[in-house]
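Per-chain numbering from 1; labels A, B and C assigned in written order.
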């Protein structure tokens, strides 16, 4: 801080996550990071680069390729009084740990009648768009958001990448944080004193009156770009960043729909049984009489992610598609 | 590393009080579960009910090796473990009744008994699912320099799961204080070990992770106790995880609704001759450590305990339906 | 004596077939002994006994299929003498079973504790005779928000043309209808307020206002038809749904007119107050005393409104009418009311009415006196709950204090919704209104 003006500095999303981990490790000796390649390699996405040297191999703990084993170990360590951050390299591999996440982490508190809570944080990269094929391009956040007992976060901005981790570590229950791998290189401005942020409310990232674009993670920026283009045509889109996928802050998007009377959900997950479907249903339940047009969804095409660049781009939600759809929804005789 | 062969009961001097305690413990489990079967037939208990009948020596012998601060992770056949660990028969039965005074408030049921005071981290109903958690509990102890041991029970079926191998590898790699106890009753539900395992000597699998492994006669409470004590001592001394295969047999069906088509009567009868309670009773009598009067008193006491437990469970209350969505997320934040 | 019952071996087991007895009467049984074999849906399962004793009697024979909980055998426990109540025991046990034969579960216990739900006589046939859902052929496509707006503004959706996908009506269509439709076609001047003539002078029909350019548009006919349909819908609904009651009173207007004359002498011609203004004010003031008449009946609920917005029915030249509202009439002075009325009429002519003025009325006044009508029997404009009608003010014989005189007398009527109020309150309203008109200086 200088002259009462907060100093802003430019950081990448990756650096923001790393700072968050470092700060948590410094603040609380119970915190440790565990996962594949987090130590000697420096993290698959270089997020934990340098942390091994700083904190040592006990607290920056490389694991074998045993997702179920080390996620379960994270649960056990959390039960045993630690505050583990378990990194699952990408959401695709979370399927190998789904038993531990869903059958143990999510239900321990409930099955024990409230005796045992699991203060575990799992971080995982997610998303497509990097031409890495069907097995490495999934967006399964919405799947996990289906499960009661866990919380699912989706930080899109560097501020949230920096601030959500600590709040998640302070949460008594398991929290999954999904970082879109396409965002790690994104730069953003961070106040010098940036720290913990709430993890249960959505944010209006752009105000508008004609249509609400509801989005999260990397799709947020596509929605913001689309809103900018729409604005030049006289259509003012309100853009909402969900931030937390479970619990869903429905008040924020219902309030917005009550203002704009139109909603378009932009979700990198597949359409069928998706988070977008859930949001659409909530709007129908909570704002039916506010709707002046059917809720629309722009999701990934229902194919495993193809490798070829043009096909992958066609499969993912893109700015021009958002603009087209929003325009149709707002314009008369659309 | 070579695994050691099945150990025989040591004929060393046996403290009478301790011997009677072991016998009483096994009888407590047996009688509690007899009552469970009865209550199940009468529809007081519902869901799945997996009884430990015949395997009592394993839980009693192994748990005898632990301290109050050690942690226990068990399977869905865990009534005996909870009882011997110190959860009251009343709280266990109340849980099976589904009542809110049950040890898991009726949220868990027979397969999910939990107790924080005794560090009983639950019956886990996913085969193999408890092993990684035991690894993590031990990791927490190690990182916080606590002298505790985590004891993890699982069946022979779990050995086929990936989580078994991942967990043993992790525990060995990180030299964690875990005692892995395989309750090998020869059947994964209704499929015999010989139909599922290429290598039937389970202790060898653990040995392949450089974990000291022993197989022990799981029908012999003294043998189990001795092996467990030796293993726990080593684990507590910082030697890393140990593995104990307890060869045992369940006399009753896998669960209540089981026609037992997969094994013969003769096989069951043959194993029943090795009933851990019967054989231990005979051992004690032959050594002059147990009289008929002692046995009658044990049975009488246990009968009273079970009677009181049933009365307690009957008198317990149902959690209000308005509380349905509690315990999905914690109601208070923590430090 | 103990009963050996068909056990439940799982939640999905409802009944079992007794296959075999391993014991016979007189045999001694011990706990955990297998004494019978039962065939379930899954397989034959051996059944153990939880009692010690002697088998007293076998009640179910091999081959019989019985529900879970049925007593299969009676076992005499240690120390008991043999008795022969076996058959009775079986009957009693069966009698204790709820229909379906399963012994008590929590649900059944709970169910039995509460009386059965019964359909009252007459209700079921009525439900069965309920009219089928309306055919969808003529269904109007309309967005939920537009539907809500239209309901709030009492706009008939069937007359609107949608601009949304597939001709769906959207909010914008409703808003433009609410804002333009009433103002679009030429508006016939509301007879009373537009006349700047001395009070009680014989009235002439107001000259038709100049035809506005919009009148020549082909859309006018559509508007007229649309308006007619809207009125038809509202009035049909009113007659169908609202149980009207009518009250009528004669009011001596001499004090009011005298007061008005003296007031108007103080004013320039353009500021003069028309005689309908004190009437409006008197209605507003009376409504503050009987507020139940000011408001709505919506969703089977009486919803009195705090603000008093008086809709003033204005007939249109081509037929039909609109009822723009004078907002917060009770809070306005007579001068302000006159100004508001003048403004309303001017804007009604020029198409400048705000949509809220067309939808916010909480009560309606219909004044038809200048057409010679003596008494107005109004039809309430739903969802309002009252309509006040004024006829012609005429010189009439008036008896007072034993004397006969000729006075200007006005017949005022109240049409009110009997769901919302009773005649007693309606009468109090008319009485209050009369009182205000007898003390016009307080208006």
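Simple rule for what comes next: a contact is a pair of C-beta atoms (placed from the backbone, for glycine too) under 8 Å apart; a residue touches a chain by one contact, two chains touch by 3 or more.
As the structure is a prediction and not an experimental result, all values here were calculated from the model.
Comparing per-chain C-alpha centres with the mean over every protein C-alpha atom, the closest match is chain A. For this structure, the chains sharing the highest number of C-beta contacts are A-B.
With every chain reduced to the mean of its CA atoms, the largest distance from chain C is reached by B. Between the CA-based centres of chain B and chain C the separation comes to 64 Å, rounded to the whole angstrom. Taking each chain's centre as the mean of its C-alpha atoms, chain A lies 45 Å from chain C. Each chain gets one centre point, the mean of its Cα atoms, and the points for chain A and chain B are 41 Å apart.
Residues 5, 7-13, 31-32, 40, 42-45, 48, 50, 68-69, 103-106 of chain C are the ones that touch chain B when the two sit in their complex.
Put simply, chain A touches chain B in their complex at residues 32, 58, 63-64, 66, 68-82, 84, 99-100, 103-104, 108-117, 119, 148-149, 151, 170-173.
If you check the complex, the residues on chain A that touch chain C are 261, 288-293, 328, 332-334. Within the complex, the chain C residues that touch chain A are 143-148, 163-165, 170-172. Residue ranges of chain B in contact with chain A, taken from their complex: 71, 100, 102-108, 112, 114-116, 121-122, 124, 126, 129, 131-141, 143-144, 150, 162-163, 166-167, 169-170, 173, 326-334.
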